[in-house]
Amino acid sequence: MRATPRLTREAFDALVAAELPIANQLGFRVESLAPGHVVTRAVYQDGFLRPGGTIAGPVLMALSDYTMYAVTLSMIGPVALAVTTNLNINFLRKPAPRDLFAEGRILKLGKRLAVSEVTLRSEGEAEPVAHVTGTYSIPPRE
Amino acid sequence: MRATPRLTREAFDALVAAELPIANQLGFRVESLAPGHVVTRAVYQDGFLRPGGTIAGPVLMALSDYTMYAVTLSMIGPVALAVTTNLNINFLRKPAPRDLFAEGRILKLGKRLAVSEVTLRSEGEAEPVAHVTGTYSIPPRE
Amino acid sequence: MRATPRLTREAFDALVAAELPIANQLGFRVESLAPGHVVTRAVYQDGFLRPGGTIAGPVLMALSDYTMYAVTLSMIGPVALAVTTNLNINFLRKPAPRDLFAEGRILKLGKRLAVSEVTLRSEGEAEPVAHVTGTYSIPPRE
Amino acid sequence: MRATPRLTREAFDALVAAELPIANQLGFRVESLAPGHVVTRAVYQDGFLRPGGTIAGPVLMALSDYTMYAVTLSMIGPVALAVTTNLNINFLRKPAPRDLFAEGRILKLGKRLAVSEVTLRSEGEAEPVAHVTGTYSIPPRE
């Protein structure tokens, strides 16, 4: 049986600060972390923009992957080597140049795979700007 | 009938330099651009890393989206406001810390949607590190 | 402006009975249809089985597509020529040999594309057996 | 190390005949099977039709899954309990009412996951009608 040391928000922040520079450069942070449910934020930067004055798709994809990582580790503990195997994103609305929020939740936690869902919204907007599903592979236990 | 002004590599580079800062920050560039077929490169930076010493998924997704943008515009001309509607990525192998190459090709060019495929490889490796399909929406002509 | 004649459940059933034989053969039916929210059922048949005694993936995909069709038409009216452009399914749990329920909802209705989400469950089970997102293309109005 | 008993076409046909009734009902068959590369066919039936007189999406998805199953087993041997974990399909062109061909190939064979790609064409047409990627989960060896 897998013992599941609880992942604290502090432990996740420390892991990201030390080993995931792209999330730091893009100003991502966790707002709330509970087992199976995570809320994250991307603090707006002008570097997020794309033609048309909206936020570029790669920023949304990066925030989604960060959120999936957090929500997966919220269930399995600080297993840094968990890796994405698949990510599918539907872009729904053009995101205005402001902070983004992402809400991640687990759809299924298996022994080898964790499937999760992320919904992205612009700050102050009810309708989502993107919807993501993805799978993380959980490394075999030592 | 849509007149298709040919997209030159110089025009694409100029568009990205002016309006897509994330691609500049991540060191993306076009190696070859022909109608329906594009090769791009991400010049390795330590900022690409993730736990385990491999390249983070968001870098691969950003390079894929940049490549899809280039290959889509290679067919429809410099329509900067074309936007991604869907992107699906399968991560196949852990990418070593070195340059990445992406090869993009058009699967279907319609009036409203362009579907393309991107294969990503590490420099000097034959086997792909990721495979991507995605759809761009082509804005209605003025 | 697009006038949106309301789609009744009877109109959808009649369309499927006349023009979508695979849905008839597989015993699909609508349980509830409201604008933007649809519940459907696949009545179990032994023909659904796959090795291991669970229900085959194609049955789940067919039920998902039928549900997306219903929920899309629930928003745009009886536009029979709306077609799927993309469908992504994550299989979460092995479905036992019994009826399946699918719940579809609209994530985004645009002028040209409708993105929807479907969650599939086995009768009497709370946890989903599959999760689907997909896009329908809405034909230009005559 | 996993011993890999070669999968013959006869063994695959026998498995499907005995345990995958939906593939039999839909008239699917293998045209060619080699390790990592498979060609299959769906013999046209009027039951494939959808509004507009083209072939319904679920037929394409079912043929894709059957093809992925064949190409996965072509690599790992007759492991009937391998199951799809994810499938993503892009519909590219409306398929005319005639036989469909599908070509499947392995993108990555891992110890736990096999990722494959399927391209679908109408008989006698060069341009694909759909493109699929998907993942099969390989059960742990006894």
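Per-chain residue numbering starts at 1, and chain names A, B, C and D are given in the order in which the chains are listed.
Please note the rule applied: a residue touches a chain if its C-beta (ideal position, glycine included) is under 8 Å from a C-beta of that chain, and two chains touch if they have at least 3 such contacts.
Keep in mind it's a predicted model, so treat the numbers as computed, not measured.
Set side by side, A-C and A-B show the greater C-beta contact count at A-B.
Of all the chains, the one whose CA centre sits at the greatest distance from that of chain C is B. The mean-CA centres of chain A and chain C are about 28 angstrom from one another, to the nearest whole unit. Per-chain CA centroids place chain A at a distance of 32 Å from chain D.
One finds 22 Å separating the Cα centroids of chain A and chain B. In chain D, the positions touching at least two other chains are 85-86, 88, 90, 135.
The touching residues of chain C, when paired with chain A in their complex, are 88, 90, 92-93, 107-108, 115, 117, 127-128, 131, 133, 135.
Listed in rising order, the residues of chain C touching chain D in the complex are 15, 19-22, 25, 46-52, 56-59, 61-62, 65-66, 80-81, 83-91, 94. In the complex of the two chains, the chain A residues touching chain D come out as 85-86, 88, 112-113, 135, 137.
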